[in-house]
Amino acid sequence: MSTPSDHSANAERPTPERKEPAYLFTEKSVADKSEIARRFLETRARLNATVDKANNFLVKRIYNIDHNTYMEGVLPAKTKELMGLVASACLRCDDCIFYHAIQAYRLGVTRTEQEESLNVALVVGGSIVVPHLRRAYELLEEIYG
Amino acid sequence: MSTPSDHSANAERPTPERKEPAYLFTEKSVADKSEIARRFLETRARLNATVDKANNFLVKRIYNIDHNTYMEGVLPAKTKELMGLVASACLRCDDCIFYHAIQAYRLGVTRTEQEESLNVALVVGGSIVVPHLRRAYELLEEIYG
Amino acid sequence: MSTPSDHSANAERPTPERKEPAYLFTEKSVADKSEIARRFLETRARLNATVDKANNFLVKRIYNIDHNTYMEGVLPAKTKELMGLVASACLRCDDCIFYHAIQAYRLGVTRTEQEESLNVALVVGGSIVVPHLRRAYELLEEIYG
Amino acid sequence: MSTPSDHSANAERPTPERKEPAYLFTEKSVADKSEIARRFLETRARLNATVDKANNFLVKRIYNIDHNTYMEGVLPAKTKELMGLVASACLRCDDCIFYHAIQAYRLGVTRTEQEESLNVALVVGGSIVVPHLRRAYELLEEIYG
Amino acid sequence: MSTPSDHSANAERPTPERKEPAYLFTEKSVADKSEIARRFLETRARLNATVDKANNFLVKRIYNIDHNTYMEGVLPAKTKELMGLVASACLRCDDCIFYHAIQAYRLGVTRTEQEESLNVALVVGGSIVVPHLRRAYELLEEIYG
Amino acid sequence: MSTPSDHSANAERPTPERKEPAYLFTEKSVADKSEIARRFLETRARLNATVDKANNFLVKRIYNIDHNTYMEGVLPAKTKELMGLVASACLRCDDCIFYHAIQAYRLGVTRTEQEESLNVALVVGGSIVVPHLRRAYELLEEIYG
């Protein structure tokens, strides 16, 4: 879809999303505080090992792009993790909610900021989001409590 | 968005959704009949306690509006609980299906009325609803069986 | 999936959804009152003619089942059309909303009953439903106004 | 919706979806290889028995149509099971993913063909599909591994 | 759901979401720059007038809560409008995307910040978001171009 | 997520999705047969030019991955375009349906194969898919008629 000409024509415009954020906490320290986080992170790691082993080219590219999306950019990584949380909550995926809530915590986001983000998802997505909100609050209680 | 003028202009039009319905059965009696209901209601109560404790202003308002939606109005509370069931089934949320099926039962809705409501969700929502339908029937079997 | 034995075992249980409802108004009379309804019904009829012409066996069966779902049953046809409206609104399909709102009107459902049904969809589905609610209210204004 | 005339007018056009596919493997043999498959198939059979027992006319018709959709037609049953897999993955239903992945395996579909189908769902549906992809790969690992 | 006791127990915890943000631009100035924005804002105002006129109690409360969600809080209004944009894009609602993109612009959000937010929705929501992304970029081009 | 070791460990496994398919028809020839296709393709090209101009790094990578997904692989490009059609129909995106139906046609897929694919989406996704099915049939009528 893109042509050589648009590459040169736009060469001066920088691509902002790329720098790894600085985490204040390791995944392990979150797992130590929260049983929900621990179980989620372990299952995720175990299943990702199965996906890795399959070595599917396109899956690896999607994982890579997904990773890049939440780097420091013109928006702070914190904000983008909270946006990932909002997207996950309004699309109603518990695993995705847990992932982004943990990532946001690791970057130093406060509990109130997480709650305010979840409110956007709740208002946009409606009461069907409530069961996911409950489980999100249970996780927040464990990691911030 | 609304202006003072529309309040006065429409002041004569009553607001119908408000009266608490009369339940024939308590949550406890449903939990006594059905293990699925019991586990659902206990988990929900435990997690709602966590949400309550967080005391988030906007979440409390959403919970309050959600509660008001299913009051007696121009439509009977029974009908609105069944509509909540249809919405929950076509949006595919097991917790929400369980909640509204239990509420409808508590208001005296028959099993056949619940099934007929689920049929609307099944036809509108397609075979992707089937796994949720199966779990709904398992609950109905326990509470009506 | 079903076996001969369950047919006989359940033979005494009647199948409730089957009787055509009595419409108070024809589609034409709705189209005469509302330009939105008229355009919707005309486009729908024109496109359904294309679908009919293709004579696809499975599509015809789905259309047939869809039709049967909203017959008089243990629940009145009115209630089921309103459930179709709730499902359509929370799944956010304007055409489906228009269809069920018109059907409900033809069966004698009041505007307030339609609004109260839409409220269930709005609360369950969230603010993402609002643009569809606006268009639904525009139609309701034309057909009831 | 359909009229007598279109039946006769299109009578010469055959209806392609109808022939039962030839399975290479029984459900039992899949359950023997995979604990995930075994648990899924057992739960599904148990819950379907509850649904069958209820003998709901419309549910039975939907189950019947659903069954017919994946017969041999102008497209091979294999392809249609993989399409069912894609639809299930992008609509994010684990039970439906498990069902179609098992069916596809039983028809002789290779693991790489399953992965390539899941890629379509992943790209169309986005990273919200990833948790379901992980669980699908876990199943594939067990049944093909 | 909430009880008197939790109100007092949490009385010291402030409710952050409440202050009206300061807009740099009026809706009118956006409409003057962009034909897409102008048409959207006019249609929205016209339809909201119909909704207002109906004076539905519950709809008014939802509109009110929706408004409060995007106030200045522990998160800046800018960030919350961008979260509304992400939610709207991954739930695929053009009207909602337009609304939040315009609001974000009015608060001084840059185009690159809007694009980076849309990227989160695109990655989470997949290629099914692309048609909405295209229309969002067309709007951004008009209001920032 | 992936580590150097899994790259080498799986180096022998080929990556199948990569070869450009051979189109029997150009986009222009489809546009010449169908007014719906013509309008869709023109709008898409015009809006993609706006997206290209913005030169967003991550959007370009997503477009690239999206393109690669439908290449010849272990599954024929034809099959994958039809899978894209199924995904688009059950996620209810008209633009995406039009795109994949046109692509499938360009690769020599028959109308009956397109209909049978749409049936999978219709059965999985339910009657909420019907309005999109109608518009898909209108397009199919124009390009195959």
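Letters are used for the chains, namely A, B, C, D, E and F, taken in the order the chains are written, and counting of residues starts over at 1 for each.
We take it that a contact is a pair of C-beta atoms (placed from the backbone, for glycine too) under 8 Å apart; a residue touches a chain by one contact, two chains touch by 3 or more.
As the structure is a prediction and not an experimental result, all values here were calculated from the model.
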Intersection of contact sets, chain C vs chain E, gives A, B, D, F
Residue numbers at the chain B-chain D contact, same meaning over half shared and different meaning under half, come out as different
Taking each chain's centre as the mean of its CA atoms, the one lying farthest from the centre of chain F is chain B
Check B-E against D-F and say which one is joined by more contacting C-beta pairs. D-F
Name the chain whose C-alpha centroid is most distant from the C-alpha centroid of chain C. A
Expressed in whole Å, how far the mean CA point of chain D lies from that of chain E is 39
From the mean C-alpha coordinate of chain A to that of chain F, what's the distance rounded to whole Å? 28
Whole-Å gap between the CA centroids of chain A and chain D: 31
Counting only residues that touch at least two other chains, what does the list for chain F look like? 17, 48, 53, 56, 58, 62-63, 65-66, 69, 87-88, 90-91, 96, 119, 122-125, 127-128
For the complex, give me every residue of chain E touching chain B. 1-3, 6-7, 9-10, 13, 15, 17, 48, 52-58, 60-63, 65, 67-69
Where on chain D is chain F touching in the complex? 16-17, 65-66, 69-70, 73-75, 79-80, 82-84, 86-88, 90-91, 96, 110, 112-113, 116-117, 119-121, 123-125
Please name which positions on chain C make contact with chain E in the complex. 92, 115, 119, 122-123, 127-128, 130-131, 133-135, 137-138, 140-141
For a test of understanding, state which residues of chain B touch chain F in their complex under the given definition. 90, 122-129
Taking the complex as given, what residues does chain D use to touch chain B? 44, 47-48, 50-51, 53-54, 56, 58-59, 62-63, 66, 87-88, 91, 93, 95-96
